[in-house]
Amino acid sequence: MSDWFSSSYMARKGVAKGVAGKVHHLTEAAQGEYKYVYGAYAEPVLTIAPGDVVVAETLDAFGGAIKTVDDLPSQKLNFPFVNPQNGPIFVEGAEKGDVLCVRIERIVPRGPQPAGTSALIPEFGGLAANAGTPMLNKPLPERVMKYEVTEQGVRFNDKIMLPYEPFIGTLGVSPEIEAVLSLQPDYWGGNMDLPDVAPGAILYFPVQTKGAYLFLGDCHGRQGDGELCGVAVEINSTTTVQVDLIKSWTIGWPRLENAEFFMAIGSARPMEDAARIAYRELIRWLVADFGFDELEAYFLLTQAGKMRVGNMVDPKYTLGASIRKDFLPPA
Amino acid sequence: MSDWFSSSYMARKGVAKGVAGKVHHLTEAAQGEYKYVYGAYAEPVLTIAPGDVVVAETLDAFGGAIKTVDDLPSQKLNFPFVNPQNGPIFVEGAEKGDVLCVRIERIVPRGPQPAGTSALIPEFGGLAANAGTPMLNKPLPERVMKYEVTEQGVRFNDKIMLPYEPFIGTLGVSPEIEAVLSLQPDYWGGNMDLPDVAPGAILYFPVQTKGAYLFLGDCHGRQGDGELCGVAVEINSTTTVQVDLIKSWTIGWPRLENAEFFMAIGSARPMEDAARIAYRELIRWLVADFGFDELEAYFLLTQAGKMRVGNMVDPKYTLGASIRKDFLPPA
Amino acid sequence: MSDWFSSSYMARKGVAKGVAGKVHHLTEAAQGEYKYVYGAYAEPVLTIAPGDVVVAETLDAFGGAIKTVDDLPSQKLNFPFVNPQNGPIFVEGAEKGDVLCVRIERIVPRGPQPAGTSALIPEFGGLAANAGTPMLNKPLPERVMKYEVTEQGVRFNDKIMLPYEPFIGTLGVSPEIEAVLSLQPDYWGGNMDLPDVAPGAILYFPVQTKGAYLFLGDCHGRQGDGELCGVAVEINSTTTVQVDLIKSWTIGWPRLENAEFFMAIGSARPMEDAARIAYRELIRWLVADFGFDELEAYFLLTQAGKMRVGNMVDPKYTLGASIRKDFLPPA
Amino acid sequence: MSDWFSSSYMARKGVAKGVAGKVHHLTEAAQGEYKYVYGAYAEPVLTIAPGDVVVAETLDAFGGAIKTVDDLPSQKLNFPFVNPQNGPIFVEGAEKGDVLCVRIERIVPRGPQPAGTSALIPEFGGLAANAGTPMLNKPLPERVMKYEVTEQGVRFNDKIMLPYEPFIGTLGVSPEIEAVLSLQPDYWGGNMDLPDVAPGAILYFPVQTKGAYLFLGDCHGRQGDGELCGVAVEINSTTTVQVDLIKSWTIGWPRLENAEFFMAIGSARPMEDAARIAYRELIRWLVADFGFDELEAYFLLTQAGKMRVGNMVDPKYTLGASIRKDFLPPA
């Protein structure tokens, strides 16, 4: 274990103490039908124990339907059957009131080049009149981009090579009695589209239902803050995560830890409400575990908090509020 | 000139070509009455030429009225006479349709220790029911914090030392016919509270009126993203800026350049509108100067844009959208 | 049929032409378990034909758990099991792309007096820091109000008697693959909390799934615009509706018709987006059926549109945009 | 005096007790240069005593520049010189902490027919990508409408005649040290575009500065809720108001009274914040004058409050929260 991982919440408090268990291969074949909602109505495709590792073959957000720049989303996509997810994965021992830990180990692009897809989708996007903020303006032209994506980089065009900085766009557990589109982020995770959900990070999700019903999908080769046009560098991937379980830890929203910082993640509209949710959750964390009183934590984040804009395009916007670990006293 | 500065817009296009001119000392005495609105109704306190350097003695946002932790804002402040500004400074040759360049050289704390002040002000703050988002909940307790601030750091408390990362909280030119509280950010600059407005950065403001009427004040020893409680590490400072003028450059919102990135700054409510403004202004920049077509720039920022949350507490929220210079082709 | 009803969409285009069919009594016993999500995962409790009338015994939003002013919501409610719904009701012949018509005939309070309940619920309400717009302020006190409610009026207190103006708070069809809390309004209807959804009105919902899966519940003895504290005059009721089906009518959001006006209903956050959705849907209606071009309809609603604020407290805010029938040319 | 007027705040508490004083004719010639900001920097055009009546010749929002449907706003308007205002009018005895009463008596259209103008203005409007909510979509076409407007009606087109329901779009006092565009509504009034600001209503504004500096302009022949495209039926008018002064009445936002209701008016973005401001101000009113405790008032407005959407297009959105007088105990 790396130094920081051994002191992580997952390694310290997880049922498996951060020790990797059995490896499960959730291939396309093993997955069978991909899922389009986060909920506990579908049968689990896999049952795992805390500590187990899952190697999942994820599909891109279009389920592979956009193969060339001539495959227009309006013709190839069949809403709401977009953003296909691997899962649900049943985690033994998980119950409402626990926290599911997901340590992201690796994300490798799969499939023929150009492996990455982006697109302008009608009535969607951060700078386009859209279904949530409708206008009378004529829609933007539909356009598809295909990018060569390898672990060495994302070729934006002949002149611009961008770093490969992959992350999981959609990841989380199931709500208790709902089944919600995989397009939406919420307190259970889901389509957060937050670039910090990347290899090296551990995600913590508040379990809502027996077995947690973990889902993941929608990997991105990279993305800017806000996912401006609504579609990142969408890739098929082979993604490896190690799962663990912390019993009886009540959290309100997803949390994230990596070598450098602790983050709380909020999703809401308007965007300031996502920021408020994230910062309040982080204050609660500081109060519960680091000896701050609430107003002292409020002052500290005023001077030292960071805010990452994940998405400004999904049904709820996602922001992550964080504090550097080296600014904090020991937990 | 440093390498990057010599290739900056200010050095390449400024009337003074980035060459420093006369140095003006805008001391407290020279300033006389500090100002509380951005507008062209007040007489200039100083007239400068493009290239000139101004060394300003700024007051903290409370005009020094909060001297100890027992000086409660509700007793010591007299709204709207808060956030006092140096200026207006008349810049020779500046006209509507030009751009005023402000290169920030240095910000040094002034005055006796503890030099930094933060506070919880009634009906104000990002996680408090406030005048703009009122609730029936009882207000938070009023509380004042005093921090020792030197160029070596900000002492948050006995256990936590934070880096000194100073910036100018309020900086900009005057609107054409308005006079607007120095508490508000807008397309002319003002109270942006954006930590990137720091030494090493050049700000570009769209001139609205003859002489530009530059104001500055409200320096911060440091601040987290969003300025969560509404009050950063407020300091009196000696702040040095070099001013220049680019003729006939039409921009819609403040822009910023430093060694690493180009940024466009938007201020609005709700927060997503500030993000939209910032990203659209940055797209226009990429289209005008870097050979992109609009949708190509939209795609690039989707994959490579960064978003900084300046403030989520002022009358308008301020966000900065940026792109790394090394991702761009030459201008 | 009343004059206006005979010329309604339901009477003109419905499969049953507005002629009442069989009457079904959906008593508490017949309903059995009430439902807490809108979705097609539950078995229908009733199957009806277009034209049929349903007399439903609805429960109040608390499922009757708040019997006295001493029954505190935090102790008596078990989130997410709130806002119980009658249904799902399977409507024969209904398919995605159709419109379900629900004509509201009568809403009669049920049960012992005081039959009406309102309450301040922690972390909920339009003027209270809440889960969606969190603050650090201490919560409002919890408080329960019980009101005597009859068809003659709602006794607010000894001095104030308010008119009995009942309506259905939560009404709609199921989303296609989701199951969403009955607390949320959306394009399928749901918890709109819009006082116009009252006896004398016909609601039109876009069917998303075979059988429509109609739900209803959450009747209110009356309510102000916005449902300010989050809880109207909640009653158990006997509610009578006549259902019909219009084949192949594509609408994007719920619509409403009564003797006086046509209304389109939008639900979103922030509130202006709900307003935009409602007005755009109404423009589309005017264009499709009344011979307007889009910009002409935009001008007409600028001068003659009305906007009703339904709720400003639920997960999405609901607004209804309407135009008086006598301002329009014949359909 | 009509019954209700004799019991109004203005008649009961005004310095002049509602008794009309001297009549002042603020003709176009007497006004001279119309004003484009609300502020105390301009010299008063008129000084009046409490009780005095002002008959003002107002200009339309375009200053008459749009004479035919071929006069495109982008060619004829010179931003920010739009929405010209009569005033400032100095009211003797008015001081910060007082309330200025403006009773609206009559609004008569002036000038040749067609006297009414509406238009689609680039980057403006509630269903158009605009400067505050920018998008990349192409702008809507520019279009001008001219309507015949008399006290008998507004001729929308050959088939649709709409009632003449005039009101003052922009009305208020000056902020203390600011000068703010007449396009913006705020706590001092301004461009509220709220149809209740009509003959028969009394407006109450919180005075911010000695003499109050009253402005008015921007009369509308009628308008729908929200002023959807951003431009109502703009008319030149002869408008008659009676002014009075209530000493030492502290209010936070404009209030309105007519025969039927009391209203508090809030302006903010996003729209829910305008609603919160309006409802909280109304609660404060009920608490101060009608014997309610705060939570009781909160409950009452939950069941009986009304919300009017004034504008959803201006720099701040304006909503009015009201309660019927006959629901209240005597003041």
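So that you can tell them apart, the chains are marked A, B, C and D in the order they are listed, and the count of residues begins at 1 in each.
We take it that a contact is a pair of C-beta atoms (placed from the backbone, for glycine too) under 8 Å apart; a residue touches a chain by one contact, two chains touch by 3 or more.
Bear in mind that the values here come from a model prediction, so they are computed numbers and not experimental data.
K.L.:
What shortest step count links chain A and chain C in the network of chain contacts?
P.N.:
Minimum number of steps from chain A to chain C: 1.
K.L.:
Give the chain pair, either B-C or B-D, that is connected by more C-beta contacts.
P.N.:
The comparison resolves to B-D.
K.L.:
Need the most distant chain from chain C, centre defined as the mean of C-alpha atoms.
P.N.:
Centre of mass proxy via C-alpha means gives B as farthest from chain C.
K.L.:
Under the over-half criterion for shared residue numbers, do copies chain A and chain B use the same patch or different patches to meet?
P.N.:
Same, since over half the interface numbering is common to both chains.
K.L.:
Between chain B and chain C, what is the separation of their C-alpha centroids in Å?
P.N.:
Chain B and chain C have C-alpha centres separated by 48 Å.
K.L.:
How many angstrom lie between the centres of chain B and chain D, each centre taken as the mean Cα position?
P.N.:
Spacing between the chain centres: roughly 34 Å.
K.L.:
Two or more other chains touching the same residue: where does that happen in chain A?
P.N.:
Where chain A meets two or more other chains at a single residue, that happens at 127, 133-136, 140, 269-270, 276, 280, 283, 295, 298.
K.L.:
Between the chains shown, work out who touches whom and classify the graph as line, ring, star, complete or other.
P.N.:
It is complete, because no pair of chains fails to touch.
K.L.:
Report the residues of chain B in contact with chain D in the complex, numbered from low to high.
P.N.:
Residues in contact with chain D: 36-37, 39, 41, 80-81, 132-136, 176-181, 268-270, 273, 276-277, 280, 283, 294-295, 298.
K.L.:
Using the touch definition from the top, list the residues of chain D that touch chain A in their complex.
P.N.:
It comes out as residues 127-129, 133-140, 270.
K.L.:
Within their complex, state which residues of chain C touch chain D.
P.N.:
Those residues of chain C that touch chain D are 118, 120, 126-127, 140-141, 143, 145, 154, 156-157, 159-160, 162, 222-233, 269-272, 275-276, 279-280, 283, 295-296, 298-307, 309, 312, 317, 319, 327-329.
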